[in-house]
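Chain naming follows the written order as A, B, C, D, E, F, G and H, and within any one chain the residues start at number 1.
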Amino acid sequence: MDIRDMLHQVKSGEMDMDTAEKLLKDLPYEELGYAKLDHHRKLRSGFGETVFCQGKPDSYLVEIYKRLYERDEEVFGTRATKEQYELIKPAIPQITYDPISRILKAEKPGKEKKGWISVCTGGTADIPVAEEAAQTAEYFGCYVDRIYDVGVAGIHRLLSQRERLTKANCIIAAAGMEGALGTVIAGLAECPVVAVPTSVGYGASFHGLSALLTMLNSCANGISVVNIDNGYGAGYIATQINRIAEK
Amino acid sequence: MDIRDMLHQVKSGEMDMDTAEKLLKDLPYEELGYAKLDHHRKLRSGFGETVFCQGKPDSYLVEIYKRLYERDEEVFGTRATKEQYELIKPAIPQITYDPISRILKAEKPGKEKKGWISVCTGGTADIPVAEEAAQTAEYFGCYVDRIYDVGVAGIHRLLSQRERLTKANCIIAAAGMEGALGTVIAGLAECPVVAVPTSVGYGASFHGLSALLTMLNSCANGISVVNIDNGYGAGYIATQINRIAEK
Amino acid sequence: MDIRDMLHQVKSGEMDMDTAEKLLKDLPYEELGYAKLDHHRKLRSGFGETVFCQGKPDSYLVEIYKRLYERDEEVFGTRATKEQYELIKPAIPQITYDPISRILKAEKPGKEKKGWISVCTGGTADIPVAEEAAQTAEYFGCYVDRIYDVGVAGIHRLLSQRERLTKANCIIAAAGMEGALGTVIAGLAECPVVAVPTSVGYGASFHGLSALLTMLNSCANGISVVNIDNGYGAGYIATQINRIAEK
Amino acid sequence: MDIRDMLHQVKSGEMDMDTAEKLLKDLPYEELGYAKLDHHRKLRSGFGETVFCQGKPDSYLVEIYKRLYERDEEVFGTRATKEQYELIKPAIPQITYDPISRILKAEKPGKEKKGWISVCTGGTADIPVAEEAAQTAEYFGCYVDRIYDVGVAGIHRLLSQRERLTKANCIIAAAGMEGALGTVIAGLAECPVVAVPTSVGYGASFHGLSALLTMLNSCANGISVVNIDNGYGAGYIATQINRIAEK
Amino acid sequence: MDIRDMLHQVKSGEMDMDTAEKLLKDLPYEELGYAKLDHHRKLRSGFGETVFCQGKPDSYLVEIYKRLYERDEEVFGTRATKEQYELIKPAIPQITYDPISRILKAEKPGKEKKGWISVCTGGTADIPVAEEAAQTAEYFGCYVDRIYDVGVAGIHRLLSQRERLTKANCIIAAAGMEGALGTVIAGLAECPVVAVPTSVGYGASFHGLSALLTMLNSCANGISVVNIDNGYGAGYIATQINRIAEK
Amino acid sequence: MDIRDMLHQVKSGEMDMDTAEKLLKDLPYEELGYAKLDHHRKLRSGFGETVFCQGKPDSYLVEIYKRLYERDEEVFGTRATKEQYELIKPAIPQITYDPISRILKAEKPGKEKKGWISVCTGGTADIPVAEEAAQTAEYFGCYVDRIYDVGVAGIHRLLSQRERLTKANCIIAAAGMEGALGTVIAGLAECPVVAVPTSVGYGASFHGLSALLTMLNSCANGISVVNIDNGYGAGYIATQINRIAEK
Amino acid sequence: MDIRDMLHQVKSGEMDMDTAEKLLKDLPYEELGYAKLDHHRKLRSGFGETVFCQGKPDSYLVEIYKRLYERDEEVFGTRATKEQYELIKPAIPQITYDPISRILKAEKPGKEKKGWISVCTGGTADIPVAEEAAQTAEYFGCYVDRIYDVGVAGIHRLLSQRERLTKANCIIAAAGMEGALGTVIAGLAECPVVAVPTSVGYGASFHGLSALLTMLNSCANGISVVNIDNGYGAGYIATQINRIAEK
Amino acid sequence: MDIRDMLHQVKSGEMDMDTAEKLLKDLPYEELGYAKLDHHRKLRSGFGETVFCQGKPDSYLVEIYKRLYERDEEVFGTRATKEQYELIKPAIPQITYDPISRILKAEKPGKEKKGWISVCTGGTADIPVAEEAAQTAEYFGCYVDRIYDVGVAGIHRLLSQRERLTKANCIIAAAGMEGALGTVIAGLAECPVVAVPTSVGYGASFHGLSALLTMLNSCANGISVVNIDNGYGAGYIATQINRIAEK
């Protein structure tokens, strides 16, 4: 309810004092409207609630998926397992599961997309993280150009794709092991680059730490970093930037 | 030389086979024109070369500053010392030095600015890093709104500024110690947040590592991270996003 | 035996020299009475022995539970598995097991509670650790107010509960990933805050290290930290403080 | 202004719609009254603003000290240098500086104290941190019992002081190197123990990390930890607990 | 196509302007011929594509093995499992699998070998890594001398083999735990030593970190290091050096 | 052959030049007699070869156990599994396996023991490591006094056993989590203390790192440290010292 | 006072009840006699108090040195600076300072020595730590054989000294960088080896961490480790073992 | 002395038994001839002793330089300071010092060079390390091609130099911060690449750790790594490989 409307109702007597006081007591957060604002922002921006499925107890997960699906007619979750998919399927038959990206979602048909982001990987093993990023961006309304397996150990692979990079409003670079992909891309492209270290590797990769440090220490301009394996986070930021560009 | 022109000259015999072959051999880099492209990108985007002054030998530094200033009539360097300022002053009298941000620059007068970015800090000790970010963004053409000392230990300080946050195309959050500022901001704002961990702190802050990890593990959406104390990098990315928004 | 009594017996000849010397030789520990004192402290303060079940061999565990239950008519253990529960059930039919908190206990009925502590979590995944803390505090005689899923990425969730925070004698803040919850709470509350980093997260959370560092580097006053996932320890300290307040 | 009053005025027409709407918009922060609440909390609880002097620019520091001293007739800062003391002395002649604790303060005469806290150290090298804790607690109104150089390598030193420990409402244990002091104390005492790892040591002490980990992994109940060398934080928490006990 | 040929065709009119322009646009990478050059290098040097099997999805793996085997009549992969072997066997009956080295390969018969490299291990537990190195070198055409279980804790074992070391063009030293083997060998031998830390050990070996640091800090001259457990990498470098020696 | 004898034979012509030269060439290792010397040392000191069973391939393990048992009529291995026990039992029926210490051995009957070492643990969870140490020392001829569960969180437990500590020639202190046991013991005892950090704990114990650092930073004199969980190593050193004492 | 004497006096009435009770209350520490026992131990074993000079305030240091010198006619301190030497010289003219070992001591003339320990170093840069160990052992009554610069990168240097190693009751191995010296020595010698990692090195030596890990992971038997640069600790343990051997 | 000669002298009586026995006792090391072999290897290979000047006491340094210069008429040291240069200049007037590489040497005139190695850097700040490598290789007889400031953030800079890379027998890649240079080079070149992480950077570069991890995790084949800032080590290995190539 709008503040002004409520004030009018108080004035006119449509709303009694107690009801108004109670409403206003919650108002700071309704009016500041953290939840509401939040809600508005979600609706306006198209970023609905996302579910981080990993480790969620079964009963919670089903409940959350159902509630979100009922409200929004779609629901989007990351880091889901096949078991979780089978758990939710009876409740939401429209649900689909991609074992590569581990995204578990039900999506409204016919959603509009605009603008391009590119999602690049150093190797094929980085693809699950890249797909989490790419499908997140697609879900939130971006066209995505997948440029996979263009790691810097064979620099010609990346160079031969540089024209595709130029059309993107934002580029996501997912790489494990040495993680140098983002730097080279940021040196070639004009748009912001979001680097995602992946936990791909062994030994001194320390589960993604090596790639993370590489990316944080990038000599290139225009590159920022998200958590190891955080494809969703990268997809979200890329979408924000893409929307800014397409406004 | 344009490829098509060259081909015409080969066809017409104006250019002999050997010359053409030699040109084409260098072409990848001439035609790809990395250096040139780069140059064009700089010119077009307004991001001139920046000098990382820290540790540069005196003779190199003076030479670099002079050459860049001669070419562009302005020059911008970070992490400079007062000694470096005094070293360069005789060669470039227009040079100015800000001991807080440690930026050493000569700037063309009357440059246009557009769009807003916000630069926030958790405490006053984070201001040097924030100023590096802010002045970088200003140099590259952004209006900057400084919102300092709004750390989350006194959350009301930040909340009371939330309206100022809404006008920004990108928000930079610089914080040391626990580094939680970026998360709270990203929860309040719609635009991308670039978090800069600072080395402010002691003990288990481990020279910024604590803040860095906090920021990488942020539960909020829309937040990415740059290297510890890398105000310049944050300012650069914020400028990229601001330009996209203002295009 | 009391020292004075013994001395009287020596003087009166009731106790011979050798017996007295032998008793006094052990006295330091009897009289200091570490075990005894300890025992007194436990009885007086209501903190009975707690069993850390994790990794205990089956035979040891059953024996310990039986002995403690026989002595105290109640027994309290943490980090138990369902298998351990089934192992002990035949010996102590009153035993109950909570798979969330992993607490395995038999509790005397009708125990009195007094005073309030609050247990907050950043997300739902932190609830197991929070429940270990909450149920520990309840077992030792505190009323507990659970305020879950109020992480700082959506600061309004916490702010809307701030009144509940004011009634607590001590607040426990359990959070993983970035772990900033404790700081914001300590900025809002007057009572001591005990922060529990949880191992919730992935990538650069490094199994709770990120949250631990965040909490140690808190800019807020009145916050101290326990080990990663140590809900029991936090519940214990909160109980100590609650008792001080309710004395 | 009270919400109910305002609603009455709206209803009665004393307050027009625009004014009411504007007030309600700011209400969250006025009514929540963060800054005000904060202020009240400080006044009520006796915890005035504290200045973290380390790294503060000279001009800032003098200004802050002057403003706080003018408002409160006292001012308290930690981690100050002798140079900072000399800087402020002209502005606040009542200022005093203790080179051991590095506390720079001007304190109202005749402040009342009540309740006891104990501050223990493992060695003499931990005394600066312990003094920061002790003097913080004294400034905020606690009696402090200093029990120094009672490290566990010579356990009798601590044991001979155990009676002094029993009178404390809270015990602070400051220790570097191996940092085991807090555990032994928590095993002997009933009250909460706040452990402060110090950066005292060399080699594999890694500037306090070893002591920090020891304290976090304590097998004893009733022990929580603050940042390395954070005597102030420990003193603050001990004061909170002492006040609860003495209420 | 050769540049010169193309230029001739342009001149002669065999190739039209548009085709030539399009070709030249791709030329940088065709002509520079990263892929081609790469291909040439592979053919010329005898280093075919190697497959890193670990974590490859089944369908990808079979496809890659088949394509490589069809092209080269041989295929070589590392870090394969027995399951992967069974997966590929139906498609490539010539495939063989060594459970020690975990190498999954089909090799052309009758390949020539020349030059010697030595592969040494500290203990028997390092043999899997050593075998990955040795079989890699053999596959790429080296004779390999295996000198296993010559760790420095019993220095005579290594010393009694020193003559065998002298014939090698390059020595690989694989060792876990303390990892000192490489240093002692580099002190005895004249040729370059490639040290491979292995993840063999427990406790403070930290999964090979200890051995890695030892090797990086070697006091000996002529020793360089590859990633933990990277037998393949060591075998590759040793082969490069062996070929240089045998040219 | 003795050098002097050989020289005499050369002088007298009994040995020709070539034979002598060849012998001398091998001499360093024969004469130094590394393998032989080693063998002598083992026989003389009573330390037979020990088998580190963890990760040994089955075929190797059986072979090694058989060869050692045939030579020495006894064999001693650590970190064995029950499966390994069942593997070896058919070959060596005298073999016994202790699932606590994970020691797999066949021991000659009637071996003499002398001198005392003490093995202490902080908690019951440290017993497996302590038993590895204790049984190693017993196998190599020490009497062992087990003093378990005397952690410093309840210091009276240790103090009440201090007399038992005085009879030991060497004390082993095994403790996880905070690992402070060794320091307190070294402060009470006169003999050398060998501290064994165990991987017991959770969270910030980092698999024994916390205990390891504590022990390395011990303020007590006379304490040295072995690898995390290295009960065997501690038992070996204690035996060396015990033998020196009982010589 | 002896317990039995006191009991007799109580019985006979020479000592009244209150006095006896009071004495017994303190008895634990008097009779256990921690301080006394300690004192006795020191006198009996010849290990007087040692002063860790580093970071001691000037006034403390002078006082401590004077008090110890007055009581014992000798005094021994480690990690002293030249400034500290000059500070103490006026008070104790017999004081001497060795800038290599940084030992500051006054020693009784004509003290007896017995038994041998060996102190080895990997390089010349490790000598300061080795001298701290050697001079500690000499001060406490050992003969010391210095075997310096015998690092494993040139293994012949160590092998040529192996006979000298056989006479030692304990060997100290001080080494930085890779720190492998202790392992090779432990493989050659029969007596216990105490390894001291030194902070000598650069880059990935991480101030001694690399050497520390190497030593903890030693494959050799009979080696234990002390803190980085802790020459004093190694000298102390070696002395303990030497005394056991020479008893 | 040659063994055969000695045997002849024994036979002929020119050498008595005792002298021969004594010689042979040392023989293992003379004949194994560690020192001799070493000496021979140095002479034959041209690798003379190198002095690591850092931290060497003045008197030692002068002595070492003088002795080496007298023996070899040249001397080569790394990590020297200007002060050390001035210290040695009086003793060896031919000495020269390069403040960039910090090499302090006196070199025989007219030494022959052959073969090429390339030394590349990511930035200008890496040049000191690169020069240490380059001048080491030159001193030991290589031609060196310096390719500086070709970091991967501007990939065209490196690509335009790729032809120069093809002539090298070995390439050294020195880079700090993200350290990705080596990987890209190894992807372009056929010869072995020795990667040197430099400590250039700030924040999360952790003094070279980031670059080190990047290099160890390189996806490229044919790349090995030396310690952070170890230009000398890289130059040495490159020289070894260059000599193999030019043999």
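Just so it is clear, a residue touches a chain if its C-beta (ideal position, glycine included) is under 8 Å from a C-beta of that chain, and two chains touch if they have at least 3 such contacts.
Keep in mind that this is a model prediction, so the values were computed, not measured.
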Exercise. For chain B and chain H, what is the smallest step count along a path of chains that touch one another?
Worked result: 1
For this session: Sort out for me whether E-H or D-F is joined by the greater number of C-beta contact pairs.
Result: D-F
Exercise. Roughly how far is chain E from chain G, going centre to centre by Cα mean, in whole Å?
Worked result: 50
Exercise. How many angstrom between the C-alpha centroids of chain B and chain A?
Worked result: 25
For this session: Report, in whole Å, the distance between the mean C-alpha point of chain C and the mean C-alpha point of chain E.
Result: 55
Problem set entry | Gap in Å, rounded to a whole number, between the CA centres of chain C and chain A | 39
For this session: Send over the residues of chain A in touch with two or more other chains.
Result: 28-29, 32, 154-155, 159, 203-205, 209, 212, 216-218, 221, 227-228
Problem set entry | Chain pairs that touch, as defined at the top of this document | A-B, A-C, A-D, A-E, A-H, B-C, B-D, B-E, B-H, C-D, C-F, C-G, D-F, D-G, E-F, E-G, E-H, F-G, F-H, G-H
Exercise. How about chain C: which of its residues touch chain B in the complex?
Worked result: 122-123, 151-155, 159, 177-180, 183-184, 186-188, 201, 203-206, 209-211, 213-221
Problem set entry | Touch list for chain A against partner chain E, complex | 100, 124-125, 154-157, 159-160, 200, 202-205
Exercise. For the complex, which residues does chain A have touching chain D?
Worked result: 3-4, 7-8, 10-11, 13, 17, 20-21, 24-25, 27-29, 31-32
For this session: Using the touch definition up top, name the residues of chain B that touch chain H in the complex.
Result: 28-29, 32, 34-35, 37-38, 54-56, 60, 197, 199, 207-209, 212, 227-230
For this session: Within their complex, state which residues of chain C touch chain D.
Result: 32, 41, 45, 47, 50, 159, 162, 169, 190-192, 194, 212, 216-218, 221-228, 233-234, 236-237, 240-241, 244-245, 247
